[in-house]
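Shared chain: subunit A. Partners: subunit B in the first complex, subunit C in the second.
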Partner chain A sequence: MAVAGIGNGMAALLRADRLSQRTRRALVAYLLLSPAIVYFTVFFFYPIGLEFLASLHTGQPLIGESRFAGFDNYMTAFQDARVRQSVIVTLAFAIGVTAASIAIGLGLAVLLNRPIPGHAAIRAIIFFPYIISFVIVALMWQAILDPYTGILNSILAELGLPTQSWLSETSTALPTLIAITVWKDVGYAMLIYLAALQSIPSDFYDAASIDGASPAQQFRHVTWPLLTPTTLFIAVVSTISQLQELAPAYLITKGGPADATRLFSLHVFEAAFFELNIGYASALSFLMFLLILAITFVQFRLLNREVSY
Partner chain B sequence: MADFAAKNSPDLAAEPGGWVQEFGQQGLLRSLNDFVEQDGKAIGYPDDWQAYSVERNKLGDQYYGVQIHLTCATLVYNVDMLKAAGFNAPPTTWEEFRKVAKATTGGARFGFAPNPSIGYYWSWFLQNGVSYYDAKTNKVNLDSPEAIEAIQFLSDLIHKEKAATKPVVGADYEGPQKLFTANRVAMIITGPWDVKPIRSGNPKLNWAVAPSLKHKAQATFAGGVSLMIPKNAKHPTEAWDLLKRLVALDTELAATKEAGMTMPRKSWAENPEVQADPVIGSFGKCLPYAQDTNAALRLTGKHARIDKLLQSALEEIVFNQMPAAEVMPKFAAEANAILASK
Partner chain C sequence: MKLMKTASIYLLLMLCVALCIFPFLYMFSLSLQSDADILSGVPILVPEMLQFSNYVDIWQKAPFARFTLNSFIIAGGITFLHLIFDPLIGYVFAKMDFPGKRFMFVAILSTLMIPFFIRMIPLYVLTARMGWLNTYQGLIVPFAMSAYGIFLMRQFIRPIPDELIDAARLDGCSELGVYWRIVLPQVRPALVTLALLTFVFQWNEFLWPLVAVSTTEMRPITTGLTLFNQEYFTQWNLTATGGVILFIPSLLLFLATQRYFVRSVMLAGMK
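On to the complex of A and B.
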C-alpha cells in the first residue's frame, strides 16, 4: 500500500511538472491568496448571502421563527415613507460630510504643508479627534451644544448674539451632526492629502513659476489635478463610511427631532432590534448595500482619471 | 436577546420592561403557574403585588414573569422657587401647574423642563384619561380630543406661555434633572432614578416630591423590571428559588435603603419605614394609580414600530410647533394601518 502511495505521488509530481509555467504561477498565486479568499468568504460573502436569504423572509429569520415571503420586504421598503425620508437624510449627511471633509482637509493640508512654526503639533491636534471613540465625541458635543447649559450658547450670549437650540431644531440638527462628524474625521482627510502633496515633485512647481503661474494658478493647474486619485480615494472611502454611519444619530439625537436626523442605519437598527423585524431589516441592509455599490461605481466613473508624473 | 437567539438562555433573566409577554408569545419562556400554585400563598404572589404589575407579566391565565422592581414618575419641585413666587404648596391640577410654571419663569430660570423621551409624554395623556390602544377596535386612541388637548397643553406651555424649556433632543433623559439640580427649573417630572443625582449634584437644594397632577384623572406612567425563567432553563427550580428570595419583602426593603428603589409589593408601600421617607414614600404613594401605558398594544407585537411613529409625531408638535389637531390624526391613521396589516 505504501509503495503504491509513493508511486501515485510521483505520478502527480510528474503531471505537475508537465503543467505550463503560467498554470503553475496561477496555482501559487491562488495558494498565496487563499487565506484572504477564505477570510472574505467567511466574514463578508457568506454573511451577505445569508442576509439576502433572511431578507426574503418575514418574522425573525436567523434568530427565531420566520416564513418565506419572496420580495415582500423589498416592496414594503419601497412603499415606506420613513425609509424614503431616512435615505434622503443619509444622502444629505454623507454628501455633506464627504464634501466638507475634502474641502477642509485639503485646505488644512495645503496650509500645514508649509514650514510654519509648530506645524507638527497642529497636525497632531487636528488628527486627534479621529482616533477618539464617537461615544466620547457625542458626550462632549452634547455638553457643548446644550441650549441651556452649553458653553457655545454661553459664548454667543456673552457676545450679544442670539442663542440656538442646535440639536432641537429640525433645520439645524442635521447640519450640526454633519459639522460634528467633519470635526472628528477631517484630520484623516488632511493626513492623506498631506502625504499626497509631499509626493508631488517640486519640478512641476518650479516649471510653473518660471512660466509665471501665480500660487492660485499653480494650485488649480498643478496641485488639484495631481491630487485626483487622492480625492477619489477620500471621496469613496468617506461616502461608503458615512452612508453606513449610525453613531452620530444613535448617540446624539436618536434620529430626532421629528426624524430630521434619522440616518438609514438607525432605521435598520431599530427595525432589527426594537421591532425584532429581522427579515425587513435585512432587506433594508441589502438595499443599502446596492445603493453603496451604485454610488461607488458612479464615483469611480466620474473621478477615476489617469494621472502620471 | 443574543443569549435567547443563540439558544443559550440563562436560568433566570431580568427584562428591561415589557418583554415578558412578547417573549411568552414566542414560546421562549417557562410558564410559572406550577410554581405560583405551589408557593404563591407563602410569598404573597400575586395578591401582594400592584395589580397591573401582575397583568403585564401574564398571557391569558399563564404567569410568565414576576415584577421585581416597580417605579413611576411624578412631579418633583423646588420648594424655594415656588415659595419665592408665592406658592406654599405644589400644584395639584393642570391649571395650577400652568400658573406656577408661569410665575416661576424669569431670567435664566424656567417653571418646567419637560423630558423628550416618549414615556414622559404619557403623564399628560394619562391625566386626561387617554389610553394608548383599544383591543376591541384594534385602533390607537391618540386622535381623541383628550389626547390632542393633552399634548397641545404641553406644547403651548413651551411655545406660547414660554414657561417651559424646549426639550433637548438627545439619547439620554437627564437634561431636565441637570437643570433642576442646577436650580434653574422649578418643576420636573421624574422618578426615583433621579433622586441620587439631585442629592449628590446639589446637596443644598430644597426640593420635594408631589403627588401626580390631576386633570380628568390622577395618573402617571409606570416602569420597572421583571424576572422570567426561559423555557430552556437548565435549573428552573433553583431559578424560582432565587426569584423568591429576590422578591421577598426584606430584600425589597434592603434594596430601597441601598439604592432608593421603589417596589411592586403593596406591603412594601405600606411599610412604615417606606412611608416615613419623604422622597421614596412619596413616589411609593403614586404607584397605586400608575399605569402601564402600552400593555395592551404590546400584545399586538407592533408596539415598537408604533412607538417610533408616536415619538416622531410628538416631536412635530413639541419641537416644530405643528398643531396637535393636525398631527395626531395623521399619526393615528398611520398607526392603525400598521395594526390592520398582517
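On to the complex of A and C.
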C-alpha cells in the first residue's frame, strides 16, 4: 500500500510541468537506483554497523543475553594464544598460496603465450579446477591422499619413496593444504597473466633481440617490469581472498592436527556458530575487516604509482 | 634445437594437464567401484567391474534429487536477479546525470571491500529475524546484486553513443524504454559473461548455505554432499559419486562455453 502510494506520488511529481527537465531526470535516476540503495544498505552497511556494535558486547549480542564491554573483546583477542596461532597459520597460508600461484601462473602463461597447436585446450584444462566447488576439490584430494587407501602413497611406495599421512602430520598438513588450493586457483593467475602478456607490444621484444638480449634477459628486463601492475593485482586479490578462505580447513582438516591448519576464518566460524560466542567472534571478524581494508588501500597506492606503460 | 625446445615445452605442459585431469579421473573411477574394491586396501585405477549401481543408489540413500533442484533454484534465482539489477544500475551510472552520482557510485563500489565472510555473522542474525532461515529467499535475496556486476555493466554501457540514447528520448521513449530497447541489446555479450560467472560461482557456494540452512530438504548439493559424507557415506565410492553429480553441470557449462568463458575471465578479471 505504502509503496503504491509513494509510486503514485512520484508519478504525479514527474507529470508536473513546473519541474525542470533536470529535476525530472534526477528523480527518475533515483527511482531506478532505489532497489540498489535498499539492497546495499540492508545487506552491506547495516550488517557492518551491527557487527561493530556486537563486537563491543560480551555474551550473545543480537541473539540473546549480552553486556556492554567496550573494547574488551579486542583486548582478549590480542592476548588469545589460539588467535595468535591461527593468525600465523592464516598468513602462512595466504602468502604461500599467493606466491606459488604467481610463480606457477606466470610460468604457465609464458609457456602458453605462443601459437603452439592446442594451446587453447591446454589453457582451458588448467583453468578448469578454478570453477569447480571446493567441496569436490576436497573430496578428490582426500581420496588421493588417504594414508591407507589413497593412490598417492601407493605410487610413492611403488617408486621406493617414503609414504606419508599428508593431512595428519603437523609438519605436512599446512603445506598440503596450500598445494591443494594452488592446484585449484593457479589457472586464474595464469589467465590474468596471459591477458597481460598479450597486451605487451611485440616491438619491445624485437628491439630487445636486436640489442642482443637473450630470452632470459628479455624476461627480466622487458616482461617482468611491464607485468608489475598485473602481479600486484593478482597478489592483492589473491591475498584478500585467501585470508578469508574457510573451505580448505573446514572441509579437509577441520583445523587439525593440533591447530596446525586452523585458519582464522575457521576459528571465527566456530566461535560464532558452535560456541555461540557472538560478541567475540564479531570482534575477530571486524579485525579481519580492518586488515583487508588496509591491504586494499596499499593496493590503490601502489597501483596508482606503478601503472605507466 | 628449436624442435627440442618445443618438445620440452610440450612435455612440461602435458605434465601440468595430466596433474589437472588426474584427480577428476580418479574420482570418476572411485564412483564406479564396489565396496569390495574400496575395502581391498589396494588403490584401483580401473575397476574390473564397473558398478554403475552407485549412481542409482545415491538417489535413494540421500535426497540428492532435492539437493540438485535446490542448487538450480538458488544459483538460477541469483543469476536472474543479477541480470535484472546489475545492468539497470550500471546504466543509471553510465548514462544519467543526477546530483550525488559520484557519492552513490563510490558508496556502492566500496562494498567490494566488505567481503562476505566479514558480514556472515550479522547477516545470519538479520536473516533469522526476518524468518528467512531455511528458505529460498534467505539463500537468494542477500546476493541479488553485486557492485562488481554493476561496475562491469557500466563499463560496457558507457561506450554506447549518447546521440543514440538522446535520439530515442526525443522520440518519446521513456528511460526504461531506452534501457530496454536501445541499451540492453547492445550489451548482450556482457550479459552472457555476467550470467555465466554468476551462475558458476553461486553453484559452488558453500559457506552461506552451511550457515543459513539447517533442514535437510533445503540444502543445495554442496552442503548436502558434505553433510552426507559425514553422516551416512563412509565409503569413498558413494562420496565420489556425489562429487561427480555436483561436478557434471559445471563441466557441461564449461565445455559448451569454454572459449567464451576463458575470454570472459580474462576480460572481467582485469578490474
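As a convention for this text, the second predicted complex is superposed on the first by the 254 of 309 C-alpha atoms of A that agree within 3 Å, B and C clash if a C-alpha of one lies under 4 Å from a C-alpha of the other, contacts with A are read in each partner's own complex, and residues count from 1 in each chain.
Assume contacts are C-beta pairs under 8 Å (C-beta built on N, C-alpha and C of every residue); 3 or more make two chains touch, one makes a residue touch a chain.
A quick note: this is a predicted structure, and the numbers were derived from the prediction, not measured.
Q: What is the contact status of A:L251 with respect to subunit B (first) and subunit C (second): first, second, both, or neither?
A: both
Q: Based on the superposed arrangement, let me know which partner A:Y39 touches: subunit B (first), subunit C (second), both, or neither?
A: Only subunit C is touched by A:Y39; subunit B is not.
Q: Contact-wise, after the overlay, does A:I63 reach subunit B, subunit C, both or neither (first, second, both, neither)?
A: both
Q: Can A:A94 be said to touch subunit B (first), subunit C (second), both, or neither?
A: It touches nothing on subunit B or subunit C.
Q: Look at A:V182 in the shared chain and tell me whether it touches subunit B only, subunit C only, both, or neither; answer first, second, both or neither.
A: Neither partner.
Q: Identify the partner contact of A:F273: answer first if only subunit B is touched, second if only subunit C is, both if each is, neither if none is.
A: In the superposition, A:F273 contacts both subunit B and subunit C.
Q: Contact-wise, after the overlay, does A:A26 reach subunit B, subunit C, both or neither (first, second, both, neither)?
A: Once the two structures are laid over each other on A, A:A26 reaches subunit C alone.
Q: Applying the touch criterion given at the start, work out whether A:Y148 contacts subunit B, subunit C, both or neither, answering first, second, both or neither.
A: The answer is both, since A:Y148 touches subunit B and subunit C.
Q: Counting residues of subunit A touched by each partner, does subunit B or subunit C come out ahead?
A: After superposition, C is the partner touching more of subunit A.
Q: Please write out, lowest number first, the residues of subunit A touched by both subunit B and subunit C across the two complexes.
A: 62-63, 146, 148-149, 251, 273
Q: Name, in rising order, each residue of subunit B that touches subunit A in their complex.
A: 1, 4-5, 22, 26, 108, 116, 165-172, 175, 178-179, 182, 184, 302, 304-305, 308-309, 311-312, 315-316, 319-320
Q: Using the touch rule from the top, collect the residues of subunit A that touch subunit B in their complex.
A: Touching subunit B from subunit A are residues 62-65, 82, 138, 142, 146-149, 165, 167-170, 173, 250-254, 256-259, 270, 273-277.
Q: In the complex formed with subunit C, which residues of subunit A make contact?
A: Against subunit C, the touching part of subunit A is residues 25-26, 28-30, 32-33, 35-37, 39-40, 42-48, 50-51, 54, 62-63, 108, 111-112, 116, 120, 122-129, 131-137, 139-141, 143-144, 146, 148-151, 154, 183, 188, 191-192, 194-196, 233, 240-241, 244, 246-247, 251, 265, 268-269, 272-273, 278, 281-282, 285-286, 288-289, 292-293, 296.
Q: Over in the complex, which subunit C residues touch subunit A? Could you list them?
A: Interface residues on the subunit C side: 6, 9-10, 12-13, 16-17, 19-21, 23-24, 26-27, 30, 38, 41-43, 45, 85, 88-89, 91-92, 96-99, 101, 104, 107-108, 111, 113-126, 128, 142, 144-145, 147, 150, 175-176, 200-201, 203-204, 206-207, 211, 221-223, 225-226, 229, 236, 239-240, 242-243, 246-247, 250-251, 254, 258-259, 261-262, 265-267, 269-271.
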